[in-house]
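In what comes next, chain A is part of two complexes: it sits with chain B in the first one and with chain C in the second one.
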Partner chain A sequence: MAEPALTVESGATPATAKGLPQWLRLLVYILTRAVTIVITSVVAVYLTIIVANMGGKVDEIRKAEIDFNVRQMAVADESLRHLSVAEYNRVVEARIQQEYERQGLNQNFWARSVRYLWKAITLDLGQAERLTSDSGSSWVRQIILERLFPTLLLFASAQLLIFFLGIFVALALSRRYGSWLDRTVIALAPTSAAPSWFYGIFLILFFAAMLRVFPFGGMVKAPPPTDRFEYALSVLKHLTLPVLAQVLSSVFHTIYSWRTFFLIYSSEDYVEMAKAKGLTSGQIERRYVLRPTLPTILTSFTLLLISLWTGAIVLETVFNWPGLGRLIYEAIQKYDTPVVVGTTVIYAYLLGLTVFLLDFLYALADPRVKVGSGGRRA
Partner chain B sequence: MNALRRTWEELGRYPSAVVGVVLIGFIVAIAVYAVIAIPYSEAIRLWRGGDDVWIETPRHARPKWINWFRKEKLPETIIVRTQENPDAKTVIPYGEGFSEIQVVFEFEYTADDFPSELSLFLQGVYAREAPYVDAFWITPDGREIRLAEFTVGRSYSYRISQDNQVRRRVGNVAPEIGLFADPSVTDKLVPLKGTYKLVLDGFLFEDDATIEGSLIAYGKVHGIAGTDHRRRDLSVALLWGAPIALTFGLVAAVGTSLITMALSAMAVWFGGIIDWIIRRITEVNMILPMLPILMMIGIFYSRSLWVILGAVVVLSIFGSSILTYRSMFLQVKESAYIEAARSYGAGSARIIFRYMMPKIIPVLIPSLVVTIPAFVFLEANLAILGLGDPILPTWGKLLNDAYEQGALYQGHYYWVLEPAVLLMLCGLGFSMLGFALDRVFNPRLRGL
Partner chain C sequence: MGNSETLLRVKDLKLHYRTARGLVQAVDGVSFELRRGETLAVIGESGCGKSSLAKAILRLLPRNVQTYTGEVWLNGANVMAYNEEKFRQEVRWVQMAMVPQAAMNSLNPVVRIGHQIAEALLVHNKGKMTKAEAMEKAAESFKWVGLPLDFLQRYPFELSGGMRQRAIIAMSLVTEPDLVVLDEPTSALDLSTQANVMNVLKRIKHELGTTFILITHDVGTASELADQVAVMYAGKMVECSPAETFYTNAAHPYSAALMASVPTLRMDKPLSFIPGQPPSLINPPTGCRFAQRCPKRFEMCEKEPPTVELENGQRVQCWLHAAAGEMRDAQ
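Right after this comes the complex of A and B.
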């Protein structure tokens, strides 16, 4: 396992030249990154909202919501009972206008967009127009929360698999550099040009349509098994093809580029030195090849993850996976604007979180962060 | 020029580059053929497909070449037209404008499977009173099956496959099966081979009146690519998908790469606040979910491929490659020749565009070629989500149609495989060439 390399043993270098203890440097670095990422995420969400509101779509969502709420309240209002229909409508209309004003819908574009930004940040995403969650709620927040877990399950399993498979195979290949296996993987690297859903289609064709060994799509079989173990087994079976599709679409290129990093680092003088000292190849790999390469690998993994999130939307659609990607597809089909805007915002958050998580690991892996000789890539 | 030839020769030593170039050549050839053979407006008209455009092609037909691999041959579409065969009509005049007419639609049937549909399209030619006919079906073994009787209007379609009375008469199977089935085989349904006739016996009520028309026994194979649920010939979209994919991929990749390069050169050259701004924008852009934003643009504003293309370029300019270029320009900036340029008084624009940018073009070219497939697939991404261009036929839209019609569940594999294979070939071509170029231009990777 690559575990030993991931945890950096402390105590090797005590206090640094600048006098701050290591853990404090680490903390300062992580906090700085966290603040940066929060700011970038907010800016990203703001841009998303501006794109959405250029055509006044967010305004429409808000107005429809206010109309609905005011009318609901008017129905329950005792004091309006005795009014004539015309009177009643006039009063309701006046209240709606008042509410528009109160919520700033007649303010200028920029003032409104800042207001919406705040609502998006606090996940106050409004009500869906047509879609509902499985539990029957039409609050966008509820719908999204329900879809979050399947998405995370699918992507976490695929991404972990790609990461560890990538490191292992890349290390093994860099050891057998030039062998037929190595050549095969290099030759297969260009296949990563196709996104995961594309391989998904082929996998469905072979394993679901022709061989009938795996299901076409979905997350559990219908009706869902009541037994917990059986439920997990069914989910696992449905998980296989989409995970395989993601692995197929990115693993060869990942292995190729990581293997190249490993090869570049294993030609360093200190590796020769270690060999001369008579260390075993396992020790050399862990201490002198994997350790210095890890920051570079994490950076390239971050970029890979960002592109995987994008491919995810179509992958979930192709596999009928009840996650966020499928949700955004359904919302598009039904022109459910609040859900589309809400999901886009959530995607911005997920990307921000992914970047932060990898930054955190990066900080653990890169000794320069602790010693204070410069942070991560520019 | 010399450098170009040397690069080319070196590329020849990489098998993947050769394969890549061949694949790209293949796609380009398709694209050129498509643009020449089917003009743009014609392609759009065909793909939009009104009522009459695809009336003579079968639904869900597989490509013709599938028969080469099958022992039991699937039928091709058979069309019998009265215009092409004047002997098919016999008219016996009775005087005073009144005459008897017999129209025979005769054809050989040799396939091992039943047709997918059977229809009769008739045009009655008359001034006031339309001809009236009885329709019979005569099988090769001489059985006569009554179909229907009807008045032949100016444009009359008789969908035999949907006639429930015929269905009952042939033993409660679909008419296109019952009419062709061999009665001597009882355990399963097999078509009887031989000469079939559809006979119209009837009367004309005017001197110049007549009946024209065609009998269509729709097959189960069509053309080189087959047809979809709306009877459209898939080859139109397969052919036209190539120029669209190439244009989209090339414009997006070249546009993005050049602008990105110019921006990072500027960031390095001017430094300070400009550098800071460009780096922050890049960080924000990394978190910006590109596909959902493109989807929002598709829903709220426009689905036109060219609008989406513009948005793609804008969103990809601040990609991660800006940082790679930046670190290269930082080295270039320190070079002696840049200092020389500055000392003779070259302006900033001149230094950036004439001295700095050409220096890293060798790095730019491989990454440019490698990103082309990403953009080609991005178009397919949007199309498969139902956000494809509403009028243009593309590979992605074929996949979307196939997906929405459940092609995989129903076994219409050709429908999914054809666009998928073309997408794959196009993606692989550029990707393989790009990988080889990368190794040629980046000496550090050479030999690895």
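Right after this comes the complex of A and C.
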């Protein structure tokens, strides 16, 4: 009786499930994502180069500067006094052209911008115009490398804390949906409208100025402790307030939205099915609520990360944190174009890398994205 | 089927929901019995409380439950009296399993199907069964429903609707429960797939002797599997009769009207329909709930009709038969 049933149904396998083995589909997906992210980063860097040079307007400013300087020097030059007006103008013009050539200004800006782009993305960042690293080097690469670790330390710890805190509290609230705790968190969600540096100022005011339990800023106390353990302890103490500021600025909103995701996913039919199967509530929560919601959570977290990185500049400045954010702030203040471009490149790479990492985790969390391109949903 | 012991006895089961518009009396005092190995088909229009009856028996209650009372005797024990943990350990999927209405969404999208089937075994045989043994049993259940074994390693989205429905039937059978509640198991499927799934169910009924409660709005589908037919109307079970008498001679006027509206293959009868609409389950009318649409109503219908057991085994909630019975008694 069942034999005809079998043959009829077997032909109905979705076509996308056939063909490539699973690991290869995963690889194709990962590569596609990588290429997309690289293209995005390159576009971002190129736009920065154009903006930092004001679309070539900076060239005109520099040309005007050269004109002015050369003419000033020509007026002061005694050897030119005896020349006729025509001759004098010819010499000055030649000197100006020479100076243009020396600075590469005789070439078209757009042609040069492509060369800048290539240098930037291959991390051939050149020399800073004004800033130097703490060790005295003016190589942009050296300056950035010095600032990279503090930034990574600050943001990685804040982001990991927000992620795990968010998941656990959101799950707990979705269990106690409608309780006073749940309603309190929902009421607090709009506090995430304020950026992290805003909370930073208040935290400094309260914990550093009034209570004097945490330092005002910096990464380690001066002079830095020589003992390794004490050094780490001091860094931890300096890390607390900036991390807290970031957590405060995003955790309530994150919990609110993730709790809602959990609630939506807990009303799915398969959750009821799991209950009917007699699974324990812990098993249901882990396997039937958390696991299927994870891809959605990861997407929301990726968006959160982007906004956290963007807030870095002011936050690091407020906390006097020796990271990339403060570097870019200083560089902009001093019109140090190579440093601005260099830092932006590193930012683009960091952001691209985190997004790529999360995309990879997404592919592991959701078996559906491995099917074909574009992530077909059942 | 030779065994005629009573497996399930439901007595005065009530399930009422709180809503913004008022109290919904989805299941209002339903009683019936079911013998081991038999199939009870519960039919009725949508919104009559069929699925709520399934939920009440399985104790899968939404958050807004107001009243949940009555008795559910399963294998001689009143499982309504069990606390949640005891019910989970001893009843869920051990004595009672279900095949839900929306099989499409009833499988976890991110867990392989084989694991989802095996976990039902693992949770109820903690420490007594290895994962490999559970997977073996899952493979066996796949054979019962005629699914290829390599599908155990697939994710739900890689299966068609009919295959998913059969995977869920396999899941409901894997622990060999006494009772399986099928809540509209074929409603979401196209006709040829419906026939396939019904064939699978029929074979399982004959080979494994499983007891089914089949909830459906499709009178024709019900006839393929049913030994008894129960008709629900506005939260009440208005009739519960042996299948052969029901299909030839339904006792309740609503059942009769329902049967008259079903096309048959051999007879060339004009199809009729039931005028009006079923009453709202919020503040339903007092007395017989079908009275407003009933062609045979009379003054007694103002009052709550009694349940009358007729000689041929039909149980019906209707004054017509009560009156007839009284007359018969008087003679």
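Just so it is clear, the second predicted complex is superposed on the first by the 304 of 378 C-alpha atoms of A that agree within 3 Å, B and C clash if a C-alpha of one lies under 4 Å from a C-alpha of the other, contacts with A are read in each partner's own complex, and residues count from 1 in each chain.
Note that in this section a residue touches a chain if its C-beta (ideal position, glycine included) is under 8 Å from a C-beta of that chain, and two chains touch if they have at least 3 such contacts.
Bear in mind the structure is a predicted one, so any value in this text is a computation, not a measurement.
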- Task: Scan A:71 for contacts with chain B and chain C and give back first, second, both or neither.
- Result: neither
- Task: Give one of first, second, both or neither to describe whether A:176 is in contact with chain B, with chain C, with both, or with none.
- Result: neither
- First, second, both or neither for A:292, with chain B first and chain C second: second
- Query: Looking at the overlay, what does A:310 touch: chain B (first), chain C (second), both, or neither?
  - Reply: first
- Check the contacts made with chain A and report whether chain B or chain C touches more of its residues. B
- Item | First, second, both or neither for A:90, with chain B first and chain C second | neither
- Query: For chain A, which residues lie in the overlap of the chain B contacts and the chain C contacts?
  - Reply: 377-378
- Message: Per the contact definition, I'd like the list of chain C residues that touch chain A in the complex.
- Response: 58, 60, 88-89, 91-94, 97-98, 100-102, 105-111, 119-120, 123-124, 145-148, 154-160, 162-163, 166, 168, 171, 192-193, 196, 199-200, 202-203
- Task: Within their complex, state which residues of chain A touch chain B.
- Result: 36-37, 40-41, 43-44, 47-48, 51-52, 54-55, 57, 187, 189-195, 197-198, 201-202, 204-205, 208-209, 216, 260, 263-264, 303, 306, 309-311, 313-314, 317-318, 328-329, 332-333, 335, 337, 340-341, 343-344, 347-348, 351-352, 355, 377-378
- Please name which positions on chain B make contact with chain A in the complex. 16, 20, 279-280, 283-293, 295-301, 320, 323, 326-327, 370, 373-374, 377, 380-381, 384-387, 399, 403, 408-409, 411, 413, 416-417, 420, 423-424, 427-428, 430-432, 434-435, 444-445, 448
- Query: Any idea which chain A residues touch chain C in the complex?
  - Reply: 1-6, 8-10, 12-14, 17, 268-270, 272-280, 283, 287-288, 291-292, 294, 365-368, 371, 377-378
